Structure formats: structure tokens, C-alpha cells
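Some structures to go through are shown next.
Here come two complexes built around chain A, the first alongside chain B, the second alongside chain C.
So, the complex of A and B:
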């Protein structure tokens, strides 16, 4: 009877197991295999042992791409969290046109990344862009947003924050709206200021949403690709070359699948470490 | 009770049914099967239009073989699409946008048919192209897998009206270019910021851009050498240095804008010159917002001797081995490379067919007489340099692009350092 039950359970799980095998186990296994070969997709793969890994460790361009990605994360993740939290708090208040604003902040999320990138490429244009037109109008010099190696990646990070903030607002908003009103009333009775209410009531109770936002935006940040691909091609001077863009270049421009897979596996390992640290720091059990 | 009438009726029905059955079974066996060939063309409007015209006339004359034209699917580059199609075995029967330098990859993959296996190959190619062009089309294994089709020799386009207004002549040397550039770079409003420049070489680091700024300059400066020598080292470091220094000087002096990619500044009348192929003639006539006169001169050189050479930007035709109808595909390839087809190509796209002694061919004389701008490109077509046929060409141009960015655009390293780095990279490219 029990055996039969197990079989039925397995039968019901079968479609999912097949899915997992096809779309997760096989690709991951194949990527790990590719780490040890040189393969241009056309000729048969050549075994190269640890050659790809050795090259990765000495590849200055990879480390530059990783540094760029970390710079992106350092700007993008805090910017998104702070902006999303503040907007969510504002949108939780009984303000006029609240429904309109909630929808308006979400609109960029549903627009294609490529379209947004092309749009912002024009906004950031040094000579004719909207941003520099406004900057010049107030008497300040134009900023070479996408052509200055020190400015380009933060500029892209700002654009990505603008695009994605609506999604994270949604997470924070659901967290804020689920905080019992009695807690705020109790805090008020205890003499808490609005800052205390925010810091001692809102922030601890939206911690699960905070964890979700941090993890999702970190993973999205590590996967940065379309924006630099469309807006800068990784330049100037490799300053917007992300790890995924570098991986793409090796895979589809140079047809070096083995090294591209090595970069991918290394990126996955780095992401695992970073997300684990984030989890330790943020996802402490709430009272 | 069966009457005679009923029996006859039944037998008639059986006879009709049997005939129908036989017809269904036998007709397809004896009928000529209909053949469909897929023909991938470059996706720009002019070439697509040419491909459709050729397919239409072919289809009208060959009802048993239909050619369907498809633009090469959109992607970063046509080469990426073709390689992906080779891997997925979804290649078309024929493709007319093959960069010759990637052909060896296709050959090693067994993805393309050797065309010299066709009985009339020698006769057809000998009539159309010269020995030098055919030699470049030959693969490592000594066989020919591509029909040399057309070239887009890169020249220096200049805005005739702007040049007249500024009182300058088209430059032939680097020194003349810098003098002209100085006059063409200005602010159109008094006290305003610079909004007119001499030229805008590519500011993208994507590899293929270097084929349209650095490489034509190098080809001219080296008097017709390709980037690599037989040992896959930099063939002419001096010419490479000259070309890179020229570009660096233009950026450093502010003659070339260092802005993010934007609409075509030459088309807008905001730069006076640009490197362009013959396709630019119809493009400039069609797309210019404010009509202006333009002319073309050869690529400037460092020395006083005028340059003769430039980058060819050649594209060839190949038949993929996934085709089930090689003979019909070959027949169509011959059809799109006839003298008449080459005339149509020239008329519809302004691109230069790779035809022996084109400029003096009487069949084209009338056209060139009426289109002197295209004739200039046709003359230039006799002095072109292709890309090196190496599987590493994308990596090499990518690396060169990054050196170009660091040295020419941003001046982080001296131009000669950028070229030295490239030369060093060439020795390390087989890293594993």
C-alpha cells in the first residue's frame, strides 16, 4: 500500500523531475563539462584539463569585468532599496491619485530592457541628451555620461534602478501594508517619533521583503547584460564590461564555449557566496 | 436480384475508384517534384530589394524551382547568425552575405559545398573574376567554397557644400586632412559649444567597427597589405602606427567627437567627412534630411604619395551543405552572378560586383558614364585589401578595438603602445 503510494507520488512528480533534468541538471552538468574543454560549437570539443580555469585566474579582463559588476551592485542595490522603500512608504499613505502613482512607478518594469536602454542612451547623450540639456540650462557643464570611464557604470546603474524600482516598490508595499496598524498606534502611545516608527516598526517588519529585494537585485545585478550591450558595448575602456557581457563575447563572438562556460560557473559560485553573506546579514529571524 | 444494369453500375464504380487510386499513387511518382530554395540576403532595404527582384525573375522562368528570399535574421552580426545556423543545421540553401574570412570555419564544419566540384565552375568563374580574387576565395584545403560576389571599397566621403563654404579641398594626406579638419571643426553659434566636426570615426568597441576606420587607413598606409603576415604577426607595424596616430590626433585635437553613438552626423551636415562604401550613395540620397552634394576621394595616407588601397568589405555567396538541391542552388548562384544580374546589383544597390575589368566592360560603360560617383568606387575596386582569413579575426579586431579606444579615443596609452600591445597579443592568441 505504502509502496503503491510512493509510486503514485513519483508518477505525479515525474513531469517536474523531467523538467528539472532537462532544464537544470543537464545544462549545469554540460556547463561543468565545458569548463574542461575548448569548443567552438562547430568542431569536436578538445580536452584542455584545467587550462580554462588557469586562464581565468590570470585574465585581467575577467577581473576587470567582475570589478565593474561589483561597482554596479554597490550603486544599484542600495539605490534601489532606498528609493523603493521611500516610494513604498509614500504610496502606503492616503495620498491623492495613489492608484495612478502605484501604476506609474510600475510602468518601466514592463517595458522591454532593450527599449529602455536605447531610450536612456539618448537621454544620456553628451551633446543632445535631455539630461545634459537640463544641466546646461542651470549653468553647469555637460557630463559625458556614457563616454567617461568613471561615470558610465554608475550612469547605467542609475538607469537600471529607475527601470526596476517599481517591482521592488511592490514587494515593500505589500510588506508595509501587512504591518498591523496597532503596532503604530502602540508606538505612538509610547511617544515614538515618525523616525522611530519607521526605524523600529516598519523596517524590522519589512525585513522579509528587504531580503527578497536585496537577493533579487543582487542576482539581477550579477546578470547585467542587455543595458551595457546596447548602451556602451562594454566601453569606455571596459568600464561597463559586465561579467555576463564578457561571457557573451567569448561564447558568441569568439566561439570559445569552454572559456565562456568557465566564466559562467565562476560567476555562479561568486553569486552563491555573495547571496549567502547577504542572507546571514539580513535574514535574521524576526520577533 | 442483380440486374445487368446494377452489375454494370457497380463495375463502373469500381473502375472509377481504381482509377482514382492509381492516380493518387502514380501521379506524384511520375510528376516532377517541386523544389524550393531558401536564399538569405543581407537585411538592408537595397539588397533585399535586389534579392527579391532576382528571385522573382528566376521563379517566372523556372516554375519547377521556387526561390524564397529571406533577410538574414536580426542579430549583432550576420556572422553570429550564420554560425548559429550552422550549429543548429538550419542554414539556408544559399547565402549571399558571407564574410570571406569566416569561410574556413564553415569549411572545417563541413557546412558548405565545394563549388569547384560543379562541372562548369572553372568556365563560369574564369569568365567573371580574375585569378587574384579567386585565389583569395580558395580555402585552406585548396578548394573553393564561395563565389566572390561584390565589394564595398571604403572611401572618404566629403560634403561638397560644406567644403566650398569653408574654402577647403578634399585631403589626400594626413597633413592635409588635419588642416581641413581644423577648418571644419567649429561652433555654429557665437560663443557656443563645438557642434560641427571634421569626421566621426566609430566610438563603439564592437570589433567590426575597426573595419571602417582603422583598417582602411592601415590598408592605404601599408600600400595594400593585410593586417597579418604569413606567420600571423603584424604585417606592417609602421603603417599600423601611422593609422592609429592619425586617429589619436583627430580625437585629441577635438576634430572627431567623442560622444555616445547618435544619429548619422554626416547625414545631418554636422561632420564634413566620413569613411563609407558605395552603398552610401543611395543611402545618402535617400536618407539626407537636407539635401547636400557629396563626393568621394581615396583614403588619406601619411606620405605625399596618394593612396591607392583601401579595405574591400567583400561579401561572397555560398551554398550550404544542408541543401537537398545542390544543382538547382548552383544554377541560381550562376543566375545571380551573370553580367545582367551584376548590372542589376549595381543599379539597385550601388555596390560593386567583383567582375573582371569591370570599369572597362562595355556592358557597364553606359551606367558608369551616368553615375560617376559609383564609377569612382568601381575604379577603387581594383585596389582593395580583404580581411585576413584567420579563425581568430574577431578576437584580433576586438583586441585592436580596445587598444584603439585606449590610445586613439582616450589617450590613456600612446598609439604606438596600442599597436605594440596588439602585436604582442597576436603572438599569444593560441593561449590554450
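So, the complex of A and C:
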């Protein structure tokens, strides 16, 4: 009982097409519709024209959330690149226990962000936290990691770096290991210092990995939700309010579906712009 | 050279400590009496199961464990089956619209979830699916990444193999299940691990579509318990609850470490 000819392909793709129509095409269309309405999920949606967009532009809390994301990225991205590159360079040497180290750095990657957030809430606890117990032991004053509005977002950015670096090490490592050993030999014969070698040989060859890390961390930064939801609720003083958390609040605390969808659409658009700029800056060789 | 290698070991050892010690601290703290929390050294003279007993009494965590196991397994099975079907069609069948479908797959890979989150919730409400397994499984039932993984793998299988099988009178379903899937186990493992891990660890979507405590997934229940005020100031109990989420995935990771690392690495490169 063999189905003949060209229709088998369509038949095989049918589940995917139904899935796409239901869970992607329809929601995207409905999101664009919601931008123009006010709707509490219960009463009939009410057309408001550009009202949601106009409100968004003047909504200080939305811009605060966006600024918070920027602060997050400014700490998180460089930290991850430096740490992952440093570890990858160390791992690329002929070193014993390479397998163990690589596996160890990867453990946080497989653990749920919910658990990581709960763990670091305690690590960052001002009085009883792991970090402050250590800091006090060496005679320094305790840091209010999650309760000071200037420190909380960078602290969360550090935690996210801790969770993700293990994955990014892999990307850099495969970049570094793809460098032919002769290139390093040649550099050494030419009298290059380790510093020159790093900038002239390693960095250009890990550029694709660098691009990947920057883009993935940017997306992760814009997706930030569970971490502030669990650790700070967006506080203190909205300093850890992420855009997704703000969207969540509008949808599920204020039942303002139209405005929540507007935030989602705006965030998606901003993400697209930022990732495009990053691609221009990093992906093409600068020479 | 020697100095460089020593520097390498220093970097790696301190990094290993930074990555592993907080986790060890969490694990040990979950076995410590409440009054011993808040020390840097996690070791204790009197380890106890008190926190675990308290958690088992306070929340339906075994039910949540079963929910998560079911949802993650069903999602994984669905992703593998449907992605393999679509991947096979895209790689090895000729039909009108094939290129369009492939373009859709690529386009949806880049689609940010923020765009569809609110309408997707509205859809679940409209279907009456809130507080059901269907709400957790259906929107994740196929993944564009899964389709891509299978398409790439199937493209590397020689065409002659299909032609010979068709000659013998095998149907396309038989070709897929008897020939292609058995020699594409790495693709099955990659798609399977990625899907299972994402489903097991996800909290955002469950928080949106599940409100009833007995329908909550494991990480969701643990968050509700710890951040919802029930376990305020009781890190031992929070960590005991968290260990239910960590232990299964950690055991799986230790057993299938190579596959986990390879899957995650490939996901980034393809994504």
C-alpha cells in the first residue's frame, strides 16, 4: 500500500504545516492585530488605533526595562567572552584532565535556569550568602548584591554568565583547535610575543565563534525573565525589570493583552535591529 | 612553555571551583539542619533528610516530577517523529511547495518567542487547554531545529539506498523507519536531548498556562514554592526542592555526557 508520487512529500509535511499554521502563523498575525486594540481577554477587544504604540513611546517603565537590558548586556557579554576565551585557550593546550574540565564547566548549562536563580539568590544573600561569607572572611565589607539598585542587574548578568560560559567555551575551543599548529610555530619563528600571537592568530580565527557568542548572549539578554522573576521581582526600584517581565506584568497582572502584545512586537523588532548591527560589526572581516 | 601550562592549570582549576562549588554547596545545604545554613563551608557534622521530608509534606512534588517526566517525554517523542517525517520529505521527496516549506523552517528558527507569547496564551485559553498537558506539549510538538537536524542528516544518506528500497517495493514510511532512522541515531539523540532538556528545564511557558498546583511542572512548582513565600528564609528546603529538578538531568548528563555536549554545540552552530 504505497502512496505514489508527489503527494507523499506533502503528506509527510502535513503535521508540520498544521503546526506552523496554528502555533506560528496565527499567533504572529494575532500579535499584530493586538497592537491596535485594548483587550482584557474577557470583553470584546476595543480598537484603539495607534494608542498602544503611542503609549509605549512615552512609557518610562518600558524604556527603563530596555535600559536595564542594555546594562545587563554590557556586563554579561564581555564577561562571557573573556571568561570563555580564557578557559578555551587554557583547554587548548596539551593538558591532563581536559575531558574532566570541559565536562565540569558544562554542568551549569544543563541545569534549569529556575534552579540556578534559586541557588544564586542564596549565593548573593547579603547576610548568609556564599559570596559575602567569603568576602567578609578576607576582611572586606559585605556587598548588597540583590538589594542595591546599582548592583542587582550586574549581579544577575554575572550569574547568567556563570550558567552559560561552559557552552561558549565549546564554540571558542573548536575555533582555536581549528588553527593549524604550524601557524603558531610560524608566529613563534617570526618572533611574535604571546600577546601578538593572541591578537594576530587566535582572535581572527575565533571570530565566527565570537559572533555566535555575542548573538546568542544578546538574544538571551532580551529573553531575560525567570532570573528577575525569581530573584528580585524586578526590583529594587525597577532596576532588574526586564522587558519580558514587564510584558508578563501587563498581560497577567493588569490583563492588558493589547499593550503586552505591543511590548512583545516592539521587543522582537529591537532585537532584530541589534542582532543585525552586531552581524555588521563582527561577522565581516574588518580588513 | 612550562609557565604557560602552569598558568593554564591555574585558570582551569579556579574555573572548575567557581562552576562546581556553588552546586556542591547547594546539594550539601539541602541535607543540613536549618540553623547551620549560611556558612561558606558546606560540610556539616549532622546531615539530615529533614528538608526533604518537609518539602514532600508541603508540596505535591512527586506529582510534579511525574508531570515533568510525562511532558518532557511526550514532547521529545513528538518532536523526533514529526521532525523526522518533515526532514525526510524536505531532504528526499520531490513535491510542489518543498522549497517554500524549507524557507518557512528557516524563517521560524529566527522568530523570537516574545512575539507570539501573548497570542499563544490566548489560543490556549480559546481551546480550553489551560491546566492541561496539551497546553505544555502541543506548542512545542515540532521544532524547526529538529527538522533541520533531520534534513541535514538525511541529505548525507546516499540516494541509491532509497532507489534500491523503492525498487523492492518498500513504502516511503518503511524507508524512513527501517532504513533512514536506524542509521541516523546521532540525529535522533541530538534532537532528543535538546528537546527533553528544554522541556524539562522550561519555566516561562508553564507559569503562563498552568495555575493548578497538581498540574505544575517540576521547576515551576519549585519556583512557586521558593519564590512564592512558602519557603521564605528556608534555603535548605528550597534547595531540597531544587534537587528534584537537578538530580535527574545531572544523572542523565553524567551518563551521556558526550552526547549532551555534542548536541548543545551543534544546536548553537545551526541556530
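The criterion applied here is as follows: the second predicted complex is superposed on the first by the 260 of 287 C-alpha atoms of A that agree within 3 Å, B and C clash if a C-alpha of one lies under 4 Å from a C-alpha of the other, contacts with A are read in each partner's own complex, and residues count from 1 in each chain.
Operating definition for what follows: a residue touches a chain if its C-beta (ideal position, glycine included) is under 8 Å from a C-beta of that chain, and two chains touch if they have at least 3 such contacts.
Since we're looking at a predicted model, the values are computed, not measured.
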Clash or fit (per the criteria above) of chain B with chain C on chain A
clash
Kindly classify A:126 by the partners it touches after superposition: chain B alone (first), chain C alone (second), both, or neither?
first
Return first, second, both or neither, reflecting whether A:55 touches chain B, chain C, both chains, or no partner chain.
first
Can A:113 be said to touch chain B (first), chain C (second), both, or neither?
second
Going by the contact rule set out at the top, does A:31 touch chain B (first), chain C (second), both, or neither?
second
According to the stated criteria, A:104 is in contact with first (chain B), second (chain C), both, or neither; which is it?
second
Name the contact category of A:235: first (chain B only), second (chain C only), both, or neither.
first
First, second, both or neither for A:41, with chain B first and chain C second:
both
Greater residue coverage of chain A in the superposed arrangement, chain B or chain C
C
Answer with first, second, both or neither: which of chain B and chain C does A:252 touch in the superposed model?
both
Would you tell me the residues on chain A in contact with chain B in one complex that are also in contact with chain C in the other?
41, 122, 125, 127-128, 252
Residue positions on chain B within touch of chain A in the complex are 76, 80, 83-84, 86-87, 105-106, 108-109, 111, 193, 195, 203-207, 257-262, 391, 394-395, 398, 402, 405-406, 409-410, 412, 431-432
Per the touch rule, the chain C residues reaching chain A in their complex are 4-5, 7-9, 11-12, 15-16, 18-23, 25-26, 29, 37-40, 82, 85-86, 88-90, 93-98, 101, 104-105, 108, 111-123, 125, 138-139, 141-142, 147, 169-172, 197, 200-204, 207-208, 219-220, 222-223, 226-227, 235, 238-239, 242, 245-246, 249-250, 253, 257, 260-261, 264-265, 268-269, 271
Could you please specify the touching residues of chain A with respect to chain B in the complex?
38, 40-43, 48, 51-52, 55, 121-122, 124-128, 142, 144-147, 149, 231-238, 249, 252-255
Considering only the defined contacts, which chain A positions touch chain C in the complex?
1-3, 6-10, 12-13, 15-17, 19-20, 22-24, 26-28, 30-31, 34, 41, 83, 86-87, 89-91, 93-95, 97, 100-115, 117-120, 122-123, 125, 127-130, 133-134, 137, 162, 165-167, 170-171, 174, 194, 212, 216, 219, 222-223, 225-226, 229-230, 243-244, 247-248, 251-252, 257, 260-261, 263-265, 267-268, 271-272
